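Chain lettering (A, B and C) follows the sequence in which the chains are written, and residue indices restart at 1 in each chain.
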């Protein structure tokens, strides 16, 4: 199956604007909110959400970045290693409403690792999860609070998020890889 | 077997003593060479088909360690002699650093008794100590040791530092007309050293033994040789500077001789850090390459080979120094020095012939007539009437060193796994086969 | 390509944040002679992530949970051992430490036997210090376990070399054309040797400064043999430190005087101590390092050691971060 584009640049923008509205609605404004993006593509998404809110509410929301490599539950079984990147959270997260941002929500294991990492950094009032794409297939009892787009997928499909900040273009594509089943969930 | 005769047919006979080289037969009777020539036949004689093989005088080793008494876990006279025979040696001179050391006639006689009982087919000649207990302080009774059969004197391994003691030793040795066989090392300078002082030592973080530590003592001994008129034999010489010192002394007519080892002629200090075919980064710290004097630089090897070709170097001696596995399976700095050398000597040395560094005849001279001249005992020749000590060689046969096959108890060699070209096929000592390879054709 | 540069995310499996490291081939860390520039930079990049963890209130991540790291020191040491143990604990590993200077080794157990015991206990990595050069190489050849060399004889101290260069880069940024002087007992220094190898990738100048008796004879030939052209040897400290960006002073062991390698402590101090008046002849912003432990008043004066130009405390902190990075690379992502 050739690569198929699911979202283009303006689709992504519209989804983010909606998510930003939902965040403000749920938290009754932008007070006491902080964004933490999961590296790599959660970080520009968090920055875009902060920018959207700034244009609506004239409030600067702090944005941090989180590297979860050291918290993954499969570090000891990976056949290859990954570069540990820097976590950058230059503000206190204690008693804040922390919005964790990631690009693709899949098994839930990354989020589990991110939650562990956040707990080591402080004690937020709440942690909420915002994702651009929810593709299903959860392996842990974790759900997202804000979803840009639900995309049902088969396990052998590959969702690729490209963001202009890191990949030069904005798009979300799907591609089927060899050997899996075609069942849609 | 001594009464029966032995006929070697169609050998390429090389006798460095007479400079003869011919293809022919050798007839041995009653332990002596009875005649050489063409088409010899002898009824009832055991016959060796030596076509394709070289027959030369039996090898003579001026420097080896048999470890008995005292260190039978490393080697015994029986196992050492078996290894020597396999290496082509018919006469070997054993160093006195046993426990107790060979510093009195009683212990020398004891060693000779064991030798004649356990190793009747290899002539074992003891070297006596220079000082009691090899402690470097009091001279032994050298006349007594000489009459017990010692062929020279050495405190090998614990060189005599006190110049006055060495001078007195030479005076005494001169009267007996026996050589002082000196391990030349200024231990104040070499102290704590683990290997050759050079770039490899720096690379490995090991302390170096400078060439000067040897050369200073060679120079001292030469001066004492001139002073006393004694015969000086510099053993296991390893540096370019020492070679030049001996060359100059010989030119001045001094009674100086010397030997070098097969490993110092073929391996450089780089061997300590690099085993053949291992990646650059896996530093070996190979304790089997730890030896004293240490493996030196390529320039030293070049100078030693020049010394052999121009006659400065008289002999090649194995410095066969067997040790236990435990003594080598440890940190390089804690490993004991020495190489088990009998069984690889000829194959290793043939590499110098195959690469054209020295001629086969020169090599054989260094293994036979060269050391025989120092021993002055009439061996090292194939002349009729001489004791039938003969080594049969296949210079083209390739084999791979495997320490598991060693007859020596010492498995400590940097040549394990090396492919060598040149094999001792048989060793005949006093007319008897002391060793033969499976391929020997005998009827 | 820089490592932090991102590749498009793929999500057939859970997206991993960082690029994968397929060029890291080391099972052991024995010396820096077999570290490529890429590998050295990788250690530094990961160490930066570790520095952030060291700034937290809760200095603990679960990365090596369930792994056991053993330290086996055949030679007394406090700082290197503490640094490695902290690094292992911060990464969530369990640690056991064997003081081999007191254990059965003193009773004559051989190196190999001691190490085999550790292997039988199924530890995931052994951090080893030994007074004999090359001992970790014997261990690496004899065992299946990963070995990290924490200093062997006069040969190598790779984690120290890495933390030194990490500290230099942290202070100076690009090291190209910078000048670093290592002064002191070069002859016996494993720190100097590992720095020689580690710095070779960075286009900098490394000057080794010592009295002739403390420079091994074979050093110039070794430098030539491996084309380590960035290294020069200098006996005069005052000319060595001209235009230097960093001066690293090495510990002078008192035994060196007893063995005659230096004629007197006083003479050594006059010629080679790093003190304020010496620094007056260097650049005003020159920085000073020391691998520790210091002999204050001998190779370095206290006012320099604790002064504003001193990086000695940063070295200690960076040491933990760099060792965390090494442990992550060696003990993480591996199935026994």
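Keep in mind that, in the parts below, a residue touches a chain if its C-beta (ideal position, glycine included) is under 8 Å from a C-beta of that chain, and two chains touch if they have at least 3 such contacts.
As the structure is a prediction and not an experimental result, all values here were calculated from the model.
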Neighbouring chains common to chain B and chain C, by label: none
Most distant chain from chain B, judged by the mean position of its C-alpha atoms: A
Central subunit by CA centre of mass proxy: C
Gap in Å, rounded to a whole number, between the CA centres of chain C and chain B: 46
Separation of mean Cα positions, chain B and chain A [Å, integer]: 77
Distance from chain C to chain A - Cα centre to Cα centre, in angstrom: 39
For chain A, residues contacting two or more additional chains: none
Contacting residues of chain C [partner chain B, same complex]: 30-31, 33-34, 110-112, 130, 132-135, 137-138, 141, 152-156, 190, 193, 216-219, 221-222, 224-225
Complex contacts: residues of chain B adjacent to chain C: 197-208, 210, 280-285, 326, 329-334
Chain A partner contacts - residues on chain C that touch it in the complex: 3-4, 6, 8-12, 14-22, 24, 42, 45-46, 48-50, 52-53, 56, 58, 60-64, 66-67, 91, 325, 328-329, 332-335
Sites on chain A touched by chain C in the complex: 38-41, 67-72, 75-88, 103-104, 106-107, 109-110, 116-117, 120-121, 135, 156-162, 166-167, 177
